[in-house]
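Below you will find the structure I want to go over with you.
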Amino acid sequence: MKQTMGQSEPDRIIVRGKDLCEEIIGKIDFASMFFLELTGRLPSPGEARVVDAVLVTLMEHGITGTAIAARLTYLGAPSALQGAVASGLLGAGDVFLGAIDNGARVLQHLAREPVGDSRHRAIEAYLDDVATRNDRVPGIGHPVHKPVDPRVEVLFAMSEEALGHRTHPDVLVALQQRAAEKFGRVLPINADGAIAAILSDVGFDWRICRGFALVARSAGLVGHIYDEMTNPIAMDVWNLTDERTTYENPTPRGLPAAREV
Amino acid sequence: MKQTMGQSEPDRIIVRGKDLCEEIIGKIDFASMFFLELTGRLPSPGEARVVDAVLVTLMEHGITGTAIAARLTYLGAPSALQGAVASGLLGAGDVFLGAIDNGARVLQHLAREPVGDSRHRAIEAYLDDVATRNDRVPGIGHPVHKPVDPRVEVLFAMSEEALGHRTHPDVLVALQQRAAEKFGRVLPINADGAIAAILSDVGFDWRICRGFALVARSAGLVGHIYDEMTNPIAMDVWNLTDERTTYENPTPRGLPAAREV
Amino acid sequence: MKQTMGQSEPDRIIVRGKDLCEEIIGKIDFASMFFLELTGRLPSPGEARVVDAVLVTLMEHGITGTAIAARLTYLGAPSALQGAVASGLLGAGDVFLGAIDNGARVLQHLAREPVGDSRHRAIEAYLDDVATRNDRVPGIGHPVHKPVDPRVEVLFAMSEEALGHRTHPDVLVALQQRAAEKFGRVLPINADGAIAAILSDVGFDWRICRGFALVARSAGLVGHIYDEMTNPIAMDVWNLTDERTTYENPTPRGLPAAREV
Amino acid sequence: MKQTMGQSEPDRIIVRGKDLCEEIIGKIDFASMFFLELTGRLPSPGEARVVDAVLVTLMEHGITGTAIAARLTYLGAPSALQGAVASGLLGAGDVFLGAIDNGARVLQHLAREPVGDSRHRAIEAYLDDVATRNDRVPGIGHPVHKPVDPRVEVLFAMSEEALGHRTHPDVLVALQQRAAEKFGRVLPINADGAIAAILSDVGFDWRICRGFALVARSAGLVGHIYDEMTNPIAMDVWNLTDERTTYENPTPRGLPAAREV
C-alpha cells in the first residue's frame, strides 16, 4: 500500500500514516514527530532521547555570524520573518556544519569494517588519504574547547544509555587517537563529531545529518529575531562595521589591465 | 547582571543562563529548549505541552508549494542542504502563515477588553473595520476542512487542560460566531486560528508567533529533502510543468508601445 | 500563436520570441535584455537608457546590512555562492526598498487624475490618508542627503531626455511640495522616489519595480562577495559584534510567569 | 589612499572611486558598472561586450526548476518579492552552474602551461585524474544540444573579436577533443564551458565566475515572477504535483527497527 508524506481529507489529516488529531497532537513530542517525518515510524524512547539531545545541543551558540545575518535581514525586511530565518540558515554550511555530515559519512564508512585489524587498516587508509589531500578529519579539533569539548562525554554517555550500544563513538575515539598520534597534535573530539557519531548510532543516513542542525538553528534564529525585536543590535553592527572596516581596495588577482582592441 | 543569548568558555557553554551540559542536554526536550530560547526561562509542563502540540501540528502538510520548492532547489544544489531548506521556508509567508501572527495580533487586541459588552463592542468595531477594508478575518475559513477543522477542538482541549484557562480560544469563538452572522457564511475556525489562540494563551507576543511555524516547517522540509534523496520527484515536477504549462505571453499591463525620442 | 518565456531545441534557443544566438548575444545589452524579459518586446534606445540608469544607481551602496549579511553567509558556506547572494537579497525588503514599489504605486495612482484641480484633490486626499494612518510618503525624506539628494535631478534630467516626457517626476514634485507644506518639514525627494517616478514613466507596473533593485543588488552582492574573498571582513564583524554587544536579557513582553496546572 | 566599495556624503556618492552622479548614471551601462564593481576599474569596450554577452546568454532558460521554485515562493509570500528571487537563486548550484566556476578553474589551471607538449601533458594528467575520480569534465557534454551547442561558436567568435585573443577557448577545444578521443563519446562544448572560457579570457578569477550566472538569473527570475503575476501557473504546478506524484514511502537506508533499551 502506498504511504505518502501527508494528506488531508475534509475531516481528518494523515501524516506519515498516522492520524494527526488522534495519534500525534498531544500524544508525541517534537523529537518523535521529526523522527517519524524522517523515517516513517515512531522512535523508541531511547531514539527520541538522542534526537532531542542533538537538537537542544545545536540550538543556540550566542552571537554567531548566522545570528548576525538573520538580525540584519530582519532590520531590512521585518514583515518577512521567514526571510530572516532563511538568511541565517544560509550560513549554516560546510565551514561550521560540514563536520556533522562528513563526520557521519566517515564514521559510517569505517564502522562497516569489523573491529580489530580490519578496522585499524581502514582508519589508517583513511588518515593516509586525508594527509595526501592535505585535508582535515571532520569531527575533531576545536579552537576554544581544549583539551576536551565538555559536550562530548555528556552526549556519548546519554546516547549509550539511551540506545544500549556505543558503536560510532568508539570508531570516532579510535580515529581521533590515531589521528593525534599520526599528526602529532592535540585534536579533541568536538561536539559536531560527537553528534555525527550518535546520529549514526541511531541509524540515520549521513546525507541527512546536517538537517538536524538546520532544524535546531531555525529555532535558535527565531530566538535571535525575537531578541532583535526587543533588544535591537543590527543597526549597531552595521554602524560599527562601517566605521571600523575601512580597507584597501584590491587589485583582483588575475585581472590584467584592459587590452583595447 | 547581564545575561546573553549564549556564550562559550573553554570548559563550559552557557545558553540563556543555563549550563548546556549540566542543565540542558538529556534534561530538557526540544519544546522546552525553544521556550527557554524565546523567553529566558523554562516552561511549566503545561506550557511545554502547548508548544509541542503547535510544533507537531505544523510540521508536515504533504506535497505543498514550499515542499516542491525545496525539492527543486535540492535538485540543483544538492551539496547545500541549507539552501534547500531556506528555499522552502521562503514561501512560508503571508498567504499561508499570515493567519498565525495576524490572528494572534487580533486576539491579543480583543482580549484586552473585559468580557461582556466591552468585548462585544471591540469585536463589532473590528469586524466593521474588516468589512470596510474588504479584508478577511485571520484564523477563520478553510477551503477543505468544513464545517469543522478537526485540529481545532483537539488543540483547544489540550491547551485548556495544559494551561488551566481558555482565554483567547473563547475570544476566537466569539469572533467567529459574530463574523459568520455578520457575513452570512460558514466560516469555521481553522488550525492557524487555533494555534494563534493557544500561543496567545501561553503569553507569546504575536510578532513571533509565525516563528513556531517556521521551526516546524524546517523539520518538515528536512523530511521532504530526505524523501527526495530516496524518492525523487523534482525532475518529474519540472518536466510535467514544462509540458503542461504552455501559456499565452502577456502584454504586461501599463506598458505602452515604445516611444522613440 | 503561443509565445513562452523561453524554449530550447537541439539547434537553437528561443527567448521571449527571439533567437538567442541570432538576435540577442552580441546584439543587445543587459538592460535591453532585461526589458525584453519583462515585457516581451525590445526597448526603444531611451527606454533602455532609463533601465540602465536605474540599475547602475542601485548596484552599490557601500558596507550596508545586506552586504554584511552576504559576507557572513559566505564565511560559513563558501562553496554555495548562490546562498551568500540570496542571503543578502533577503534584507532588501520593505524598509529600504519599499519606497520604490510603494512610491510607484502612489505615483501611478495620482497620475491617472488629469493635471489641475483634479490631481490637486487626489494629492490632498492621499496626504490626508497618510496623516490619518500616521504613515510616511514613500519616496521623500532622507537621513543623509539633505536638502537635495544629488541623484534625483540627474535621474530626472536623463529620463526626460531619454523618454521625451516627464510625467511621474512632475507628480512626485507636486506631491513632495504639498507634503512639505502640510507636514512642515524638509522632505527632499530621495533616489528611491526618483526611480519609482522614472520607471513609471517607462510604463512599468508598480508591482515589479522592486525587481530592478533586486537585480542591481545581486550584482552589488557578487561584488561584495568577491571583495570578501580577497579582503575578508566577516570574521572581524563577528568578533567585533560579540565583544561590543553585551546586553540585558529581556523579559519578553506579554509572557507572564508560568502557571502550573 | 584607501578606496572603499562605496561611500555616501551629503552631496555626493562615491562608488568604487567614481562619482555616481558625475561619472556613472547615464554614462556607463550595467555590464560596465558590474565590471567596475568587481575589479575597481572600468572595462575596455571589448571587455564590456563580453560581460554583456555572458549576462544575456544566461538570463532566461524557460520553465526551469529555479523558475518554478521562485513562482511557488511568490504564491505563498507575494509581499516579499526578494524572497521569491532568493528562493529561485538557491537552486542555481553545483548541478547546473558548477560547470562555470569549475570549468574556469580547470581552464585557468591548464592555460598556465605553455602551448605545446607542456600543455598536452597537463591536459592528459587532468583527464587521467578525472577518469580516476570517475568524474566528468566541466563544460563539455549536453543532453539536448548535440552535436554542437549553438551558443558556443557565437560566444567564441564574439569574444575573440572583442578581446583580440582566444586563449581559454583554445584550451577548452583541445581539452574537449582529447576527452572525446579518450572517453570515446560525443562530448560537445556546452554554453557553460564557453562562458567559463571567455570570462577567463577577460581575466576573471574562477571563484567569482558563478556570480555572472547569479546576476543574470536574478533578472530572469524577476521576469518569471512578473509573468506569474499576470499568467499564474504556480497553483497548477502544486495541484498537478499533488495528483501525479503518489509514491511509495521509503524505508530509509541504514535505519534499522528500533531497539528498545
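Observations, loosely collected:
Lettered A, B, C and D in written order, each chain numbered from 1.
Criterion: a contact is a pair of C-beta atoms (placed from the backbone, for glycine too) under 8 Å apart; a residue touches a chain by one contact, two chains touch by 3 or more.
All values derive from a computational prediction rather than experimental measurement.
Between A-C and C-D, more C-beta contact pairs join the chains of C-D. Distance between chain A and chain C, defined via averaged C-alpha coordinates, is recorded as 35 Å.
Computed centre separation for the pair chain B/chain C is 29 angstrom, with centres defined by C-alpha atoms.
Measuring from the averaged C-alpha position of chain C to that of chain D gives a distance of 24 Å.
Annotation for chain A: residues 4-5, 16, 38, 62-63, 77, 79-80, 82-83, 86-87, 90-93, 205, 226-227, 247-250, 252-253 touch two or more other chains. The touch graph of these protein chains is complete, with an edge between every pair of chains. By the touch criterion stated above, chain B contacts chain C in their complex at residues 2-5, 16-17, 38-41, 43-47, 77, 79-80, 82-83, 86, 90, 108, 161-165, 202-205, 246-261. In the complex of the two chains, the chain D residues touching chain B come out as 62-66, 68-69, 72-73, 75-80, 83-84, 86-87, 90-96, 226-227, 230-231, 233-234, 236-238, 240-242, 244-245, 247-250, 252-253. Residues 4-13, 15-16, 20-21, 24-26, 28-31, 33-34, 37-38, 49, 52-53, 55-57, 59-63, 67, 80-83, 85-87, 89-93, 97, 101, 144-146, 148, 150-151, 154-155, 158, 205, 207-208, 210-212, 214-215, 218-220, 222-227, 229 of chain B are the ones touching chain A in the complex.
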